[in-house]
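Common to both upcoming complexes is subunit A, partnered first by subunit B, then by subunit C.
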Partner chain A sequence: MAIAFKQETFRDDFSYRNSPENIRRFPFPFDRDEYMYSVNMEPHVKGQKGTVFESLIDVDEHYIAEMHDRALVLKEDPLRYQALPHMMTAQWDTLELLMEEQAAGYPEHFTLIRNGDQWRWINRPLGIDDTFTFGDRATLPYEPLEYITRQAQGDFCIVDQRDGNLWMDAGMVTTQADWSLDFDIGMNFMEWHGPVPLAHQMGVFERALKFLLNLQQGKPTRRFNWTMTINPRLDTSPENYPKWGPDRATVTPENVGDKVHLRVEVQTLWRLPRSNAILFVIRCYLMNMNELVTVPKWARRFPRVLRTLPPELIDYKGLTRYRETTMDWLSKYDDGAPTSPGTFPD
Partner chain B sequence: MLVEGIKSRPVYRGLTIQPRARRHIFALEGEGAHALLDRKTELDETARSRSEILYLGRGSQGKGHDEALRKLGADMFFTAPTIATLLFRLKGTLATAHMGTRLYIAGTEGFIGQAMIVALDNGMDHASIITEHRGSLARRVQCVHCKGITEDVTHSPFACSHCSLPLLVRDHYSRRLGAFQGVNVDAEEPGSAPDPEELFL
Partner chain C sequence: MSGGTEIPVRVTKVTMVADRIKRFRFERLDGRPMPYFSGGAHVIVSMNDNGHVRRNAYSLMSPPYDCSAYEISVLHVEDSRGGSSFMHEKVREGDEMRVSHPVNLFHPDWRGRKHLLIAGGIGITPFIAMMEQFSREGAHFELHYAIRTRDRGAYCEDLVASYGPHRVKIYCDAENNRIPVARLVDGQPLGTHLYVCGPTGMIDGVLKAGLEAGWPQQNLHCERFLSTPPGKPFTVKLTRTGKTIHVGHHESMLEAIEAAGVDAPYLCRGGACGQCETRVTACEGKLLHNDIYLSDEEKAAGQKVMLCVSRFEGAALHLDL
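This part shows the complex of A and B:
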């Protein structure tokens, strides 16, 4: 079934909203009523229809608007896309993976025709029909990674594997929760996670790194991450913090429902075949509190999770100014009834 | 001592002379001169004949070591008036360096970071470069907003020397930029920046 793509914005008038169907498929990340810190990796396998795991690379009603927002970010700040010179093979790996998965999941919107190294890529939502030579940079209007990630939802990092570590050596990062690719590019796994509180002492990163170094081709893995964002703004980069930081001081009991958003990242990790690098996809989903409380289970659970968050994480996630107001507002929708296990709506 | 536990910050293990190197290049800034002078007994005649010392006198305790360094009898001794000129000279040296060349860098963290960038640009592996922190704890900081770099930052917050935003100095370091990250401290409530504290003297 063809997706009805929305015309909407992630800046200025913030017209982004989720349709009722899209709310039902939102990847709500909490499987219990209290917060628990964990690596929470699971195999990235296809899930049921009507979930974001219906296809391994998810395309939803926000696709066109998100790609437009990405183009705006890149116009203002081209350094949001960077790739170190040794990453070219991994760039082609990524282009192949994203074209194949999008074409497989949404044949009515995307078509890939391969004839040897002559490839034709048709992207109907964005009106693209390009023929190019796989492996020949000069036959595309951008580097392969930039080309395909201008046509795929989510942020994308390619990490190189060497010396028993992973290195952040390429990326397209325009929808990030306050980290800078320009600053972190070239860092290893421990270095780029340096500012994250608590997890280092818990050994979380050592275990995660060990796991990822052994990631196998054809067996992608995934985990959730989450934070909250005021207004449906995709570009909450440190670069633009002076633009979005003031939003955090604008939350009142009257506007919580519209302004406060749960921001969920579905992070998927894929071993790439030619380069042996790992593609790290950070797909961001936004849902405001009015939308969240339309699912009674989530309306009960989310304030309970917020209440049990450790202080270090409240600070790290930047929730300090509006967490209380949000919990108060949400508590109207929590009748204290027990919730069912798992993340999905009842 | 430097602040411990910053995962992204390089560890400066101290100068140890690698006796088998075919060429030793010492880039020394200010008090970094002591890092080599304290180990002069490790520099035997062979090592001296293969050594090149680039020195910049800088900081209250870091000037006037020219004579002592010259007396080490290295194959080549060069003094630079500024960091920029020393780095320019270092670039020239590394551009024609051969396999078996060892680079030693000593001085303030900002200097080590900048010399390291020159080395990385010339294809050296960062893990092979020998470093020692000496002198001031002042930090070299990149403003994450305007990308301008401010040298010798001793306070946090401080005003970005390019865009003037008050910046909090985060404990997050980029080897590629040779700098810590500075983030606008009062973005959420402009005008609410706390008083600067002298943290990195």
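This part shows the complex of A and C:
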């Protein structure tokens, strides 16, 4: 079934909204009423229809608008895309993966025709029909990673594996929760996770690194991450902090429903075949509180989760200034009834 | 399956390539393409030996971008625990087998300005795929390949023909030709990465020469073919499943646990990747670690063990499985 793509903005007038169908497929990350810190890795396998796991690379109604916003970010700041020279094979691996998965999941919107090294890629929503030689950089208008990630929702990092560690050596990062590719490029797994509180003491990163070093081809894995964002802004980068930081002081009891967004990242990790690198996809989903409370289970659960959040995480996620106001607003929708297990709407 | 997804394949060709070395070609039963892989990767081949499942790791040697089939070469080792004997004596063209998805614990460092490859005997196999990839991607490489005798050296002529005598140098033990390791590691351009695969003594010698010549550890790479050394039979108790497992003289702990129907984790089955790390809950006796994954401190502490290559001597061993 063809997706009805929306025209909307993630800046200025912030016209981004979710349709009722899209709200029900939102990847709500909390499977219980208390907050639990965990690595929560699970196999990235296809899920039921009507969820974001219907395809392994999810395309939704915001596709065209997100790609437009990415182009605007890159125009202002080309360093949001970077790739070190030794990552070219991994770039082609990524191009193949994203084209194959988008074409497999959405044949009415994307088509890939492979004839040896001669490939033809048709992207109908963006009006692209290109023929190129796989492996020959000169036959594409951009480097392969930039080319394909201008046509795929989510941020993309490629990490190289060597010396028993993972290295952030390429990426397209324009929809990030306050971190910077330009700052992190070339860092290893422990270095780029340096700022995260609590988890280091729990040994979470040692375990996660060991797990990822043995990530297998054909067995992608996923986890959730989440934070909150004021206004539906995709580009909450450190580079643009002056643009979005002050938004956090604008939350009032009257505007919580519109302004405060739950921001969920579905992070997927894929072993790439030719390069042995790992593709790290960070796909961001935004939903405002008015939308969230249309699902009674989530309306009860989310304020309960916010109430049990450890102080270090409230601070790290940047929620300090508006968490109380948001909990007060949400509490109108929590009648105290028990919630069912799992994350999906009842 | 704890070891990963297996691909059902048919053996479509068996070729004797040198004394005691056979090449096997595997094509998918479902006719779909094999996954691409990176040079240096191996697969685990599952062999059904009259109901007894053996699983051995073999380096892939077919071109990494050729997804019509996978190829491996197997040396019939003299003190075979059964795997290489099975491959040589039982496997015929047309047989059905299973191979795992590729895993690479010997990947090239793509930053290398030059790749210096040093092979001994059957250790040539990962380099054959690696050179295909280097050559296709325009990377600078050089192979130094030591063989015992001309009739035991696989692929010598093919490799010289493909890449030229300036890039492939053969050293034959029987003709008193040895790889001049000290001279080689002394004369390399900055940014060279060295890769060695072959017998343990050779690997140790080359790594030592590199370090002595002032190479950074990170530029020296090796792949060791570890397998469980035979040893005294022992018994292990699995505390979670409540099973008591007997491990035979030629058997690995992992194999014995699998044969008892317990799904234990694994990837490389050669003591290198750490996937089969298991917690020791009680140990009255001595753990014979044999792996290259745990640090010396961890081995001494005796709280973890690698199921694939380690053994035990003593009164009682309990594992958290």
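Assume the second predicted complex is superposed on the first by the 346 of 346 C-alpha atoms of A that agree within 3 Å, B and C clash if a C-alpha of one lies under 4 Å from a C-alpha of the other, contacts with A are read in each partner's own complex, and residues count from 1 in each chain.
We take it that a residue touches a chain if its C-beta (ideal position, glycine included) is under 8 Å from a C-beta of that chain, and two chains touch if they have at least 3 such contacts.
Bear in mind the structure is a predicted one, so any value in this text is a computation, not a measurement.
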What is the contact status of A:198 with respect to subunit B (first) and subunit C (second): first, second, both, or neither? neither
After superposition on the shared chain, which partner residues are touched by A:321: those of subunit B (first), subunit C (second), both, or neither? first
As a test of reading the superposition: which chain, subunit B or subunit C, is in touch with more residues of subunit A? B
Counting only touches as set out at the top, which of subunit B and subunit C does A:182 meet: first, second, both, neither? first
Touch test for A:71: subunit B only (first), subunit C only (second), both, or neither? neither
Considering only touches as defined above, state whether A:241 meets subunit B (first), subunit C (second), both or neither. first
One more residue to check, A:249. First (subunit B), second (subunit C), both or neither? first
Subunit B/subunit C common contact set on subunit A: 163
How about subunit B: which of its residues touch subunit A in the complex? 6-9, 127, 142, 144-145, 147, 165, 170-177, 181, 183-184, 187-190
For the complex, give me every residue of subunit A touching subunit B. 163, 180, 182-187, 190-195, 200, 238-242, 245-246, 248-249, 321
Contact set on subunit A toward subunit C in their complex: 86-90, 160-163, 210, 213-214, 216-219, 273-276
Please give the residue numbers of subunit C that touch subunit A in the complex, ascending. 4-5, 35-38, 40-41, 64-65, 101-104, 107, 109-111, 133, 137, 218, 267, 273-275
